[in-house]
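Two complexes are shown next, each including chain A; its partner changes from chain B in the first to chain C in the second.
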Partner chain A sequence: MSAAGRMASVQRFLEHWGVLLAFALLFGASAWRQGGDFVSPDNLRTMLNSNAAIGVLAVGMTLVIVSAGIDLSVGSMVVLAAALGTTAMNGMIGAGWSEGASVALGACVTLGAGLAAGSVNGSLVVFGRIAPFIATLGGLAAYRSMALAIADAGEIRSQSSTLFSKLGRGGIPLGWEKAGPEGEVVYAGLLNAAGKPLTLTYSIIIFLAVAVVAQWVLSMSRFGRHLVAVGANETAARYAGIAVGWVRFRAYALMGLLAGLAGLMQSSRMNSVSTSGLGLSNELDAIAAVVIGGTSLRGGFGRVWGTVVGVLILGMITNILTISNVSPYWQGAVKGAVIVLAVLVQRGSRD
Partner chain B sequence: MTIKSLASLALVAASAALGLAASSAVPSTAPSPIVAQAAKPKIGVSIPAADHGWTAGVVWWAKECAKLHPDVEWTIATAESPEKQIEQIEALMAQKVDGLVILATESAPITPIAEEAHNRGILIVNVDRGFLKPVADIFIEGDNKAFGRKSAEFMVSRLGGKGKAKGDIIVLEGIPCTVNTDRVSAAMEVFRSEPGIKVVGQQAANWNRQKALEVTETMLAKNPKVTAIWASDDDMALGAEQALAEKGIEGVWILGGAGMKDIIKRVMDKDPMYPADITYPPSMIATGMEMASSVLKGGKKKEKLQYMPRHLMIDVDLVTPENAKDFYFPASVY
Partner chain C sequence: MELPPSSISDAAPVRAGIPRILLAAERVTVEYPGVRALDAVSLDFRAGEIHAVVGENGAGKSTLMKVLSGAVRPTSGLVRVEGAARAFARPLDAIRAGVAMVHQELNLVPALDVAENISLGREPARGLGLLVDRRRQAARAKELLGLLGSGLDVSRAARDLSVAEAQFVEIAKCLASDAKVLIFDEPTAVLGEREADRLLGLLRRLRDEGRAVVFISHHLDEVAAVADRVSVLRDGRLVQSFARGLDEPLRDATGAAVDEARIASAMVGRELGSIYPEKGAAVADAPAIELIGFGARGRSRGVSIAVRPGEIVGIAGLVGSGRTETAEAIVGLREAEGVLRIAGREARFAGPSAAMAAGVAYASEDRKGRGLHVTLSSVANTTLPSLGRHVSLLGLRIDARSEAAATARWVREFSIRCARPELPISSLSGGNQQKFVLARWLEAAPRVLIVDEPTRGVDVGAKGEIYRIIAALARGGLACVVISSELPELIGLAHRVVVMRGGTVAGELPREKLGCADCEERIVRLASGLDEEGRAA
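Let's turn to the complex of A and B:
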């Protein structure tokens, strides 16, 4: 094999598996530097849990970007959907509804509001023929300001006493109680640093489930193949008889629905909605994860599993810098370098 | 109907609405007999957007103060960034305001525009984050070094007293700016002079509850056996509290800051998690507005400025269960 040939095959390998390699290297380096602090079940679960909502957004963003679009409004959709849902839930509790019904309906309002906001984005892009960047830039400003207006820029506290926050904090316990030698309570199974059982939160389960379904949609379903076709070459897709507008509309609407889901995950965990803080700059983290994961920003190619690894890489950087007490002001520099490096490595022959 | 014509219809409707809003903002032209002679002074209030609980409190107090002075024509503008704030101050200057009350998003970028306004003879009241040049007629700030020192000294006394204090603590910092630097460095100076106190984690959580939750849970995964948390802000205190709750860690207490009403209430109720709090009153914006309006009402600005303080440092108070009721404002948003 010639030197050039070898270079090309290395290039192809990196293009395909570079993100996993980067993940493994970063994980290995963190484990080596920090040892048990990093690879402890508590720390790994903490990392997954705090990135689950971003993960859901990033998965949705992958589908939008595959269709050669972009959605800058996801963080604002998160806060608007959560603000509306929590307000609705509080209203129902105030009107004397049962807590269970109020939480369930509030959750539906959150998801519905996300879907509606996403549909507005989709309509602007498809029917209004506005470039996705501009249409969703409008959404970025508008949806957040609506949320601020609802709460007078303050915080909306949930009036649900326990159920709502259980949704955000609860999950499947990975440890259990048992009687110790002297009859006292001890815990067994996977424990956290404080010796209490770890919880595999619903948020983590939702994130992984959304990722699996989205990967299936993208690579196996008709809708997924249409997304790729539209993103690769819109004109060709149109000649091939694909309803291009409808495909793109659904990508944005689905993104909105997932933003609603992320809003529900975050607001239930905080048991409140900070209209100025919730979802702030989530769009940048989501796009960064997609790019690191190897999805092409020009559309026509993408992989959800890469995005999931991208989310984990970003989460790992924050985590490792925090536990090693590095000044947080450096985190942005490290993240920026990783994003640019990822694109350089994966650029390959597609350019 | 085509999309284009729909869009233009929306534009027309929007501009009509704006026009209506603008005309309703113009003060009623019917002259009231008493104030017919003295024109209402125009005062612009430029403050950061409510990006965390404390700034939401600032916005609330600004509105409260404006309500108390209907004989002043107030314009309250909130900005998310220094660029936006400069734009707004320029717009206020174009409206020929007589005075400006400014809480800067950031000190350095706002200084030149404040200087320009000052040179035009506009009264400048600067609140909380100081300009880099002496262009303000009145400067009001909270004592941030005292904030850091008093809160740290309280922790030391609770951890065993001066020279004998013992404990592992976590330090949460705010948005990087002089306010945060003054607080943290004053507090760290106190902590460092105590050999028994170990700062096991120190991270910025930007005065934000969710960020505080995330960094605290990460630090707790490494150091579950902390004694106390210096959260320096009540939003961050709530985030830290949740991190403790989610990990099932008990017995850790938290010192927040800034005087959020819920935290003051819990200090008042002797909640063991919140033995104290430290104030940093968002009402200082109203203090500034009050001074601006008293200088500008009825003229004679120059004469009044002779005896107005040029620099006012508002003391911060340690809130304990004994005095908490003096700092509890149930009607405030913060």
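Let's turn to the complex of A and C:
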């Protein structure tokens, strides 16, 4: 094979598998830098857990970007949905409802608010014929401002005593209990740094479940195929008899629903909603993860698993930088460089 | 001086004494993973000569042109410009060396005007090089267009130009870069009959100025009419060359005159019979589709056509006659007016999916922009309009096996060259892509099929297959409307031909008249505003 041919196949390889290679390199570097601490189940779980909400957003963003759209309002949808849901939950608890019913209904309000905000985005894009960048830029400003107005820019503390935060922090223990030699109950399984049973949090489970379903939708379902077709060439999709508007609307509505879910995950983990801080610049992290994962910003091609790896890469970078005592002010610069590098490496025949 | 053609590759025209070789390919080989697209092809292109390169889809014409114009680097072999070996790393290198390609897809900046497009990248400057000298820019554009015999207004925006006008601007752009060799890839494919004639005249004019013109076309009549030399590629190899003397027919190495049929058989490597299938008869009396005073708002009006099951109705007309717009209005892609009846029931469709639900399909003429998703796989392209037929799990999950089977069936049926249907369809040659345009709509099993330019960019062999399939489906009860700029195709395939002009029907040729020797002229007269006998209508 000629030198040019070899270059082309290296290019193709990087385009397809570069993101996994980068992940492996970073993982190796982290393990080398931090020794066994990094690869401990506790640390890995913590990393996954703290990135789960961003991960849910990034997965939704993948579908929107595949349809040749973009959603800049996800961070603001997160905070608006969480603020409305938590306020509703507090209201019900204050009115003497049971904690279980209040938490459940509050969660529904959060999800519903996200879905509604996403549907507004979708309507603006589809029926209002506003460019997605502009329509959701409006959402970025408006939804955050509504959340700030609800709480006077302050914090909404959850009135749920235990159940709400259990949703955010609880999980399934990675081990089991068994009878000890003297009949006492002994825990066998993974432990955290403090020697307590390690749990797979609900957040992680939700993130992975959302990713698996989204990858299935993208590669196996009619909706997924239509998203790809609309993103690749909207006119040709219309000529092929696809209801282009309805496909695009559903992408934004689904994004809103997932933003609500991410809002629920984050507010329950904090057991409160900081209307000025929650979800702030989440849209950038989500878009970055999608791009690192190899999805084309032009639409028409995407992969959810790439996005998941992208989320983990971003998480690991933060982790390494923090442990290496790099000032948080510099972390943005490193992340920015990684994003640009990812695009450079993956830019190939598709562009 | 009449040179006796001593061997195939030496067969040379005698137009300008000993013609200067401007561009040459020497044993150019291009290999893609698993495919040898070009196999040691040597060809030269001389000043003052129109050199046509012909071949079936996938024969390697496009690859050769990409090598010559710097878009693809050969695996081995050389490109020489005026004798000097050149390795083009990108198209810009070729343009600087004087080799310019006039692309099938036009590359004008829509928002800029004609003059700006022509001088794009080499704007005449004034004011310390900071400002563009608009006056010189416009004057230069006028001069170049004048060379081409076009009086186009240089202040018009490119987006307002017709395809033919845009093509002239594109050629003027090449002249502006001082191109000595101009490569035309299917330049007449997007043009109507009259515009195509004008373009061929332009090729002659460029040749007479001493430029080398490389001409790629599937229209062998055009090739036979204008080419001084014809080289035939088959499966990546140069198989034959024909040349002509001044005002003489093309001849082969033995000196025998060569006609279109001979070129065609050299392309496919066998003798071709008639490519038109037997015409069947209508299988039912009640029309499957009926237009009464129908039209696309603002574009066409008063169109009345009825097509019965089993019938193939051709629609002729110049570009801009409202043919395509009327078809688009039928399936709801444009606002319609007048009456549309499907199987006797009045209908008005909101879009192609509604039309398809009623059994009406429209295959667009614009393969890359509308007809196909070039970045998606051949499989996805085949099943996109009929995806609902390839699902399981309550319609949620796409049944990959059913999709693959459907694709394999059409690949077989149309003899499509497509080794790996899971790859993007852009990896196929234009003709094979065109077959998929038809396949995706036939897969949707329509009762009325409207095909717009079904054989654009398709070679002779593939054309025959497409005609055969359309005719076979018609015999099975499909009502078919064929819109085409190729009159032999309409005459050979259709039961009758409706001619459109200026947005409405100018006349109709019934079946018995399609057999006449002069039916082609009759259609042209109707399309250009005369009556059938040639009097101003």
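The criterion applied here is as follows: the second predicted complex is superposed on the first by the 337 of 351 C-alpha atoms of A that agree within 3 Å, B and C clash if a C-alpha of one lies under 4 Å from a C-alpha of the other, contacts with A are read in each partner's own complex, and residues count from 1 in each chain.
Keep in mind that, in the parts below, contacts are C-beta pairs under 8 Å (C-beta built on N, C-alpha and C of every residue); 3 or more make two chains touch, one makes a residue touch a chain.
Keep in mind the model is a prediction, meaning the values are calculated, not measured.
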Partner chain(s) touched by A:211 [first = chain B, second = chain C, both, neither]: neither
Which superposed partner A:325 touches (first chain B, second chain C, both, neither): first
Touched partner set for A:127, first chain B, second chain C, both or neither: first
Partner chain in contact with A:221 - chain B first, chain C second, else both or neither: second
Touching partner for A:233 - first (chain B), second (chain C), both, neither: second
Partner chain(s) touched by A:152 [first = chain B, second = chain C, both, neither]: first
Touch count on chain A, higher of chain B and chain C: B
Which of chain B and chain C A:193 touches, first, second, both or neither: first
A:48 touches, of chain B and chain C: first, second, both or neither? neither
List of chain B residues in touch with chain A within their complex: 3, 7, 49-53, 55-56, 59-60, 78, 176, 201-204, 208-211, 213-215, 217-224, 235, 242, 246-249, 333-334
Chain A residues touching chain B - in the complex, by the definition given at the top: 37, 40, 42-43, 46-47, 50, 127-129, 148, 152-155, 169, 192-196, 266, 270, 274, 276-278, 318-319, 322-323, 325, 327-329
Chain A partner contacts - residues on chain C that touch it in the complex: 31, 73, 75, 333, 351-353, 355-356, 362, 364, 369-376, 380, 384-385, 387-388, 391, 395-398, 440
Contact set on chain A toward chain C in their complex: 2, 4-5, 220-222, 225-226, 228-229, 232-233, 235-243, 300-301, 350
